């Protein structure tokens, strides 16, 4: 009996890409100025400017929470509201961090199918009680790309939302915890998916896709760059040995590792999806495009898989709804092995 | 002519101990639960419990600012005051972070020679306007060990300050950014230097002494452990791939690497001090015991050294005052080379 | 043609009861200690203790926002969540004040008919992601009595909600901006409507019902009294000439002025309701019990009334929904005059 | 034996000028829009614009703490520092309110004789660690006029400090808790003492000089007016029945009541000073110019006065240092009576 137990709980359970670890080891030579004044940090900022085809300012932090909340606090006054989809990570999974970083700015949630903000909802949101001093003022729109459920805004959708945002005089943030997964799925350029659609600040996630603990706040609108440096410091996110964060980013970007990693994660999700949709007992939910799959699965099947040591989130959103997340480290063998177990669990193995 | 340019600006310009990097590489195998629920994190907490001879709760963060400010925010109400020496890092170099983390708690500074809080000053401070609702209320005492100027509280001094603190009903925090350097200088146990003197929470610094970006908040008073976990999350300091922070700590603690590293840093400072005090043009300030040396140096000498590419802070505190910081990575050769340059600079080389 | 233009926009457009103004004038004699140490303040606290049949601690502030947010900040840690009905004033009309006062605590909204929190919703809410460090922790339940739509929790309803709150280990706050209106409608004692049901802290509103700018934070759970005094000061709500706030409260409580005022407001709403429900063109919404009435009214009727100078909120919640609020200062003549205008507006005058 | 017990502890122990109370009563007629949209509020803003010879925006609040901290929070980013004299009220008596209102901005204290900021100290302060991300950035200068010890900046002194402030790119706030007392002493115009010297926002204190609880934030730089309205609301300082605050201000300004009140307070202090300086046992400290006097007095004298029921602060700053504060309500008889008691206490009565 198998004791193999691949988990699909999240992409943050993977380790680190070997190339990233090597880059970190490579920079462990001699002395380097602290706090981002080292050559590696300068080079990483330059490299991200190249990636985004724009002269950007980059602030490394170690978590997505920090990247998102620092970005939002620089874009939003304390009496402001951040508009996001009600499934947004900043709305559900930050233990009040956005409110803390900004001394009380509120999150105003919007609806939309496939976890994507609906343009009509946004049009309502950007005007919500504007000028009414009894209500937090719409200030910033935050979009997650890819979304928390694995769907992806098309470039057209992003540009429509960006235009609504900018016409209303608001600022735009992108939570790119899974930026790479979205990018390779859309097969577009990083510039097209960000500032060309109106994004002012991007949380450029890398940890889920191969680094150890390096997220980059990529600032397209440089008017907020200086305050970002003070905000990062006073929230305890200015690392001293910054070269190692920069090295992670360099290893991540060099030779398109990040794109290859994202493609692998997405491909493994597609392979899993393809296997699952053949099973009538299992029904896929929505149209997953990146590395996250939601589906409905019978309880006896969930139980059998758990009993074999597989791990994934289930019955958290609705009864019998399960979520599978793949990562750069997921292999074809992992998927085959798991699909085989699912097949067995739903009783198909015998039939074949 | 030499182009060798060892810097003595800080101990954060060093890289990472090879053993730490190896421990990180070693844990990069397979999947691991995120957010500190992995085996490495559990092991590291256990190991720190052994080190401190007490069942402690450990919270990893990546910066000393985070370790200090999270600790202080858990110990101090928003209307409270944190008492520390006026040279304290939390008073001078955090860009308002302690106030931010705690929504406005103030720092009340105390005097004392050799950068150490004077017991009489503390006795005054713990009673400062207690009960007066127009003034922030003394709540927490924060001591830096080793201090910002490289001096070290003796165990007796710590216990006296701890008793004053506890008798007044206040809590005690230790900023241990250079904890190892102090410990090996005192040649005592970690327990003696902390909870046995009354310390409730310790910022156990490791980054300056060999890790990459791993500081541990060591909680001796477990009543605040639960809130610490929420506070860490909402400030963006809950890392997902926590195993790599734990691995750093494991590599740091195993085989007493941390003590060996600290001894090396201290020994190099002692060697430097010994060389400098032979030179009448140079006068040492205070009585450095760890890995920081302050001295007065003639301007022409400072200029010569800088011109040769040596780097250190000077003329920042007072005219002609310079600071040298050694680290675990400083070698005897570094010191000899530098002393030789200092000798030349003050004109002694010719005489010898 | 009439130029009479009684407004029904809110009960805060009324002036001050003459008895309150007289009490203020009466205390304007000689010197008095500031900050609540005067005789009037002490007497007012005593009088409220009598009113509530309990030895309470009282903190005067000048606005309901301050009363609510100070109360909530004392009951809720920064990583906590305040549970309230989604129509709650603290959720909709405070411009982020609850989040500001508490450095980021979030509001978690609950459903329920007639603007009252549903017990089943509360049972779900008090357990919402308890122990999950990624989510704000349920800490405080805040109920508005009378509610924002003029309905009133029965004592049984309050006690059920109180029991759920307390069994889950949470604290309970009551927003009593219209406390008097609810009390006289229920015809119960202040004690029954508060601490006997589990209320820990009450925002005892008085401004809408006859005072000028005096709200009392009534603290039943004295363990938070001391911190309240620091919280009030640091938010700028500790008035120096406190005797005048106390005098307002004395004038308000003496000879049951507050109860008489509340009865007048409620009676005027009942009279208005009685007149409106006779008109088939107008349909009442819900079952108003205090001094607020919601109804649906045809647009031509709204327009006619506005044209005559009557003022009220309309088309704010849904098309054709209007709100009328009466106050202690509303007279029978005001209501008769207005009803007559409504009759005319809907075309009944001619018919009669 | 006398039971007469005039207190000189502060000017906030006085009641309210009758004219102010009358103005409040006069406006208690009919309905009025809440939150400052009433005619009285509009008129009061207009009247202050006339007083200051500039089109100002006015925000009423009920305490000086609120006026100061809202002003500072609008002028200073969270990573900023507010520069003030070390004796400044915002530094000593606000229980962390400035830090709370601004989510952590720090106070950087400056020295200077007679409680006035020294220009050289300010020149140092405005440059303190500018650009260093480890330190709060100098942002706002706050001057108290009259100072906490009763001295007064001359117009020349104000203009020199204003020029230093503005040349460095900082903003300027004036804490005018005793603005009237300073103004009549200088015999200049309100414009000269404020915006003509560079003041951007003024806390125009009125409570100590005759109103009940009305302070005006007078905004000269209108770019911050909009955010002030949100900041006031979210800190709980937007009063609903604002007309009564406006009425206080109208009563205070009409017929120059405020100037007459301030002259009376100052004259009474001068009379007291004149009487005290004749007594060799008593030595005046500094050069009081407004309504506060500090002097040294023998312990036996202090004790005798206290025993007779007189009240004043003593031995709070240094042994035998006492403070006397007069107000608009202090009469010549009060001073004569008290001076006679002091004479007796020091033993002169018999001699004369």
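Here the chain labels run A, B, C and D in written order, and each chain numbers its own residues starting at 1.
Note that in this section a contact is a pair of C-beta atoms (placed from the backbone, for glycine too) under 8 Å apart; a residue touches a chain by one contact, two chains touch by 3 or more.
If you're wondering where the values come from, they're calculated on a predicted model, not measured in any experiment.
Visitor: With chain centres set to the mean of the C-alpha atoms, which chain is at the far end from chain C?
Guide: Computed centres place B farthest from chain C.
Visitor: Is the contact between copies chain A and chain D built from the same residues on both sides or from different ones, judged by whether over half of the numbers are shared?
Guide: Over half shared, hence same.
Visitor: Express in whole angstrom the distance between the two chain centres, defined as the mean CA positions of chain A and chain B.
Guide: Using C-alpha averages as centres, the distance is 35 Å.
Visitor: Using mean C-alpha positions as chain centres, tell me how far chain B is from chain C in Å, no decimals.
Guide: 52
Visitor: Taking each chain's centre as the mean position of its Cα atoms, how many Å separate chain B from chain D?
Guide: Comparing mean C-alpha positions, chain D is 43 Å from chain B.
Visitor: Which chain C residues sit where two or more other chains touch them?
Guide: 78-79, 94-97, 100, 103-104, 133-134, 230, 233-234, 238
Visitor: Per the contact definition, I'd like the list of chain C residues that touch chain D in the complex.
Guide: 6-7, 10, 12-16, 18, 21, 24-25, 27-34, 61-67, 69-70, 94-97, 100-101, 103, 207-208, 212-213, 230, 233-241, 244-245, 329
Visitor: In their shared complex, at which residues does chain B touch chain D?
Guide: 78-79, 92-97, 99-100, 103-106, 133-136
Visitor: Give every residue of chain C touching chain B within the complex, in rising order.
Guide: For this pair, the touching residues of chain C are 35, 77-79, 103-104, 133-134, 137, 227, 229-234, 238.
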